[in-house]
Amino acid sequence: MTTRKELYNSVDQLTVSKYAEVRFNEVDSLGIVWHGHYIVFFEDGREAFGREHGLDYLTVKAAGYTTPIVSSSCAHKLPLRYGESFRIETSFVNTPAAKLIFRYKLFNEDNRLVCSGETVQVFLDAENQLVLNTPAFVLNWKKAKGLL
Amino acid sequence: MTTRKELYNSVDQLTVSKYAEVRFNEVDSLGIVWHGHYIVFFEDGREAFGREHGLDYLTVKAAGYTTPIVSSSCAHKLPLRYGESFRIETSFVNTPAAKLIFRYKLFNEDNRLVCSGETVQVFLDAENQLVLNTPAFVLNWKKAKGLL
Amino acid sequence: MTTRKELYNSVDQLTVSKYAEVRFNEVDSLGIVWHGHYIVFFEDGREAFGREHGLDYLTVKAAGYTTPIVSSSCAHKLPLRYGESFRIETSFVNTPAAKLIFRYKLFNEDNRLVCSGETVQVFLDAENQLVLNTPAFVLNWKKAKGLL
Amino acid sequence: MTTRKELYNSVDQLTVSKYAEVRFNEVDSLGIVWHGHYIVFFEDGREAFGREHGLDYLTVKAAGYTTPIVSSSCAHKLPLRYGESFRIETSFVNTPAAKLIFRYKLFNEDNRLVCSGETVQVFLDAENQLVLNTPAFVLNWKKAKGLL
């Protein structure tokens, strides 16, 4: 992620926070949230971002595209335990590539970093073909958000 | 389930066993398999049954139907812990209704009953309409299995 | 559930509603919420009930007990799709037995019933032994709620 | 992962293959396995490796340690669909650090690469403190495997 950090900048004003509570069924036998659930939390954050900023799954679908995840990563700093609340911070990363990049930071109730991560999505058209140029509806969205 | 037991009989020869191991991520903070995962195990058993007896999801789909679950139940007798293997026994219940009924029994390594359950599925046609009579492909399947 | 309905009454004033949105990862290839996720929704409702009424997992644990699920059932009436919100209504069922019984009803945005279900939990003491009489902390809780 | 590739080498002879089938409940509304399930597949692979090579969760626990995941990544190349079988290839990466590093490759029935990924685990002692030197039981295990 170091090279990406130099190329692209996450857009501070395009950050959405979502609050959640640890569910009993998310905690493993060590008493901490099982690591795989963070991918769900990232999706929760991404969906909250999409709904707030008009870039949600149904908008993408209506434009004739799907945006499968092509890569994801997660670095864990602190565990979450049952009964804890946490905040998912989702930031849009403005890239010239035909991709959607989101960065995630989870914070516990003491505002300490629980984990950080990133997902990359590509655009497939109605024929499931990879789109090499950023679709018009995304360019328009970026203009409206002051990113172009 | 007592009344059903009188009306319908599970077909002993139409029982398929599938073996599995408890995954780390299936165990909760009490050290036992979280109860909701048994619904997944039932589906694993049902899919194993379908593949062995030609009544799998893709066969149903090719015939033009979907078979959503309309009810499910599970009674837990013993816990499963990490490191344990278990057997899922899935039995077809022969009903005159336009439904697919399966009963499940899970057994641990000592062959003791872990849980039992049941799912009921209905048939929807290509227009997502409920089908009131058992579809022909199921009647043919039942004949081939000696159930009609 | 018919016999239980005669013996026990769900306590109308002890009903808690929780609102949620269908996640992308909860929807199956038929475009509807996969049936197994409703067990998670029931747990979400039960935990919301516990937090609001002081009968949550951590309170139970502090009293020296665990309350594993011994049976669960779910009857599906309508599907939920991606983008839909829903309400989980969780009701405490007052039983003289040493059990915790909850009933659940899920409603979609049109306030139509999506599914109903029930879970039964027993009490295990610190030695994981089944408790035959309702623990004192539950009796006190019932008194405080006007159920005894 | 490029820099790690130079520092550490995955050990070819320490690679374990596990075969699995796509479950209905793992497929999303686009008809492909939801990306978050690959973290489960990686765990399935890691557990198969541990059982075959004596480095499983219960062995680690018996030695007085836990090994939480501190980072994970996944790069998706091809989708998996319902009805497909796949192979999870899990390789041990021999590092001098007090960590367990595994690399994963998933292959479809045509032996084409579906995804690759990596997880990193650290060692916590019985007091949940980070262990800075590789525990003796792991050094002994490495010697027995010809890695030291």
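By written order: A, B, C and D. Residues from 1 in each chain.
Here is the rule we go by: a contact is a pair of C-beta atoms (placed from the backbone, for glycine too) under 8 Å apart; a residue touches a chain by one contact, two chains touch by 3 or more.
Since this is a predicted model, take the numbers as computed values, not measurements.
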| item | value |
| --- | --- |
| Between A-B and B-C, the pair joined by more C-beta contacts | B-C |
| Identity of the chain that, by mean CA position, is farthest from subunit D | C |
| Centre distance in Å when subunit A and subunit C are each reduced to the mean of their C-alpha atoms | 31 |
| Inter-chain centre distance, subunit B versus subunit C - centres from mean C-alpha coordinates, in Å | 24 |
| Chain centre separation in whole Å, for subunit B relative to subunit A (CA means) | 36 |
| Residues of subunit C touching at least two other chains | 24-25, 36, 40, 43, 82 |
| Topology of the chain contact graph, where touching chains are joined (line, ring, star, complete, other) | complete |
| Subunit D-facing residues of subunit A, complex | 30, 32, 35-36, 39-40, 43, 66, 68-76, 79 |
| Residues on subunit C engaged by subunit A in the complex (per definition of touch) | 21, 23-25, 40, 43-44, 47, 57-58, 82-83 |
| Subunit C - residues contacting subunit D, complex | 24-25, 27-29, 31, 34, 36, 82 |
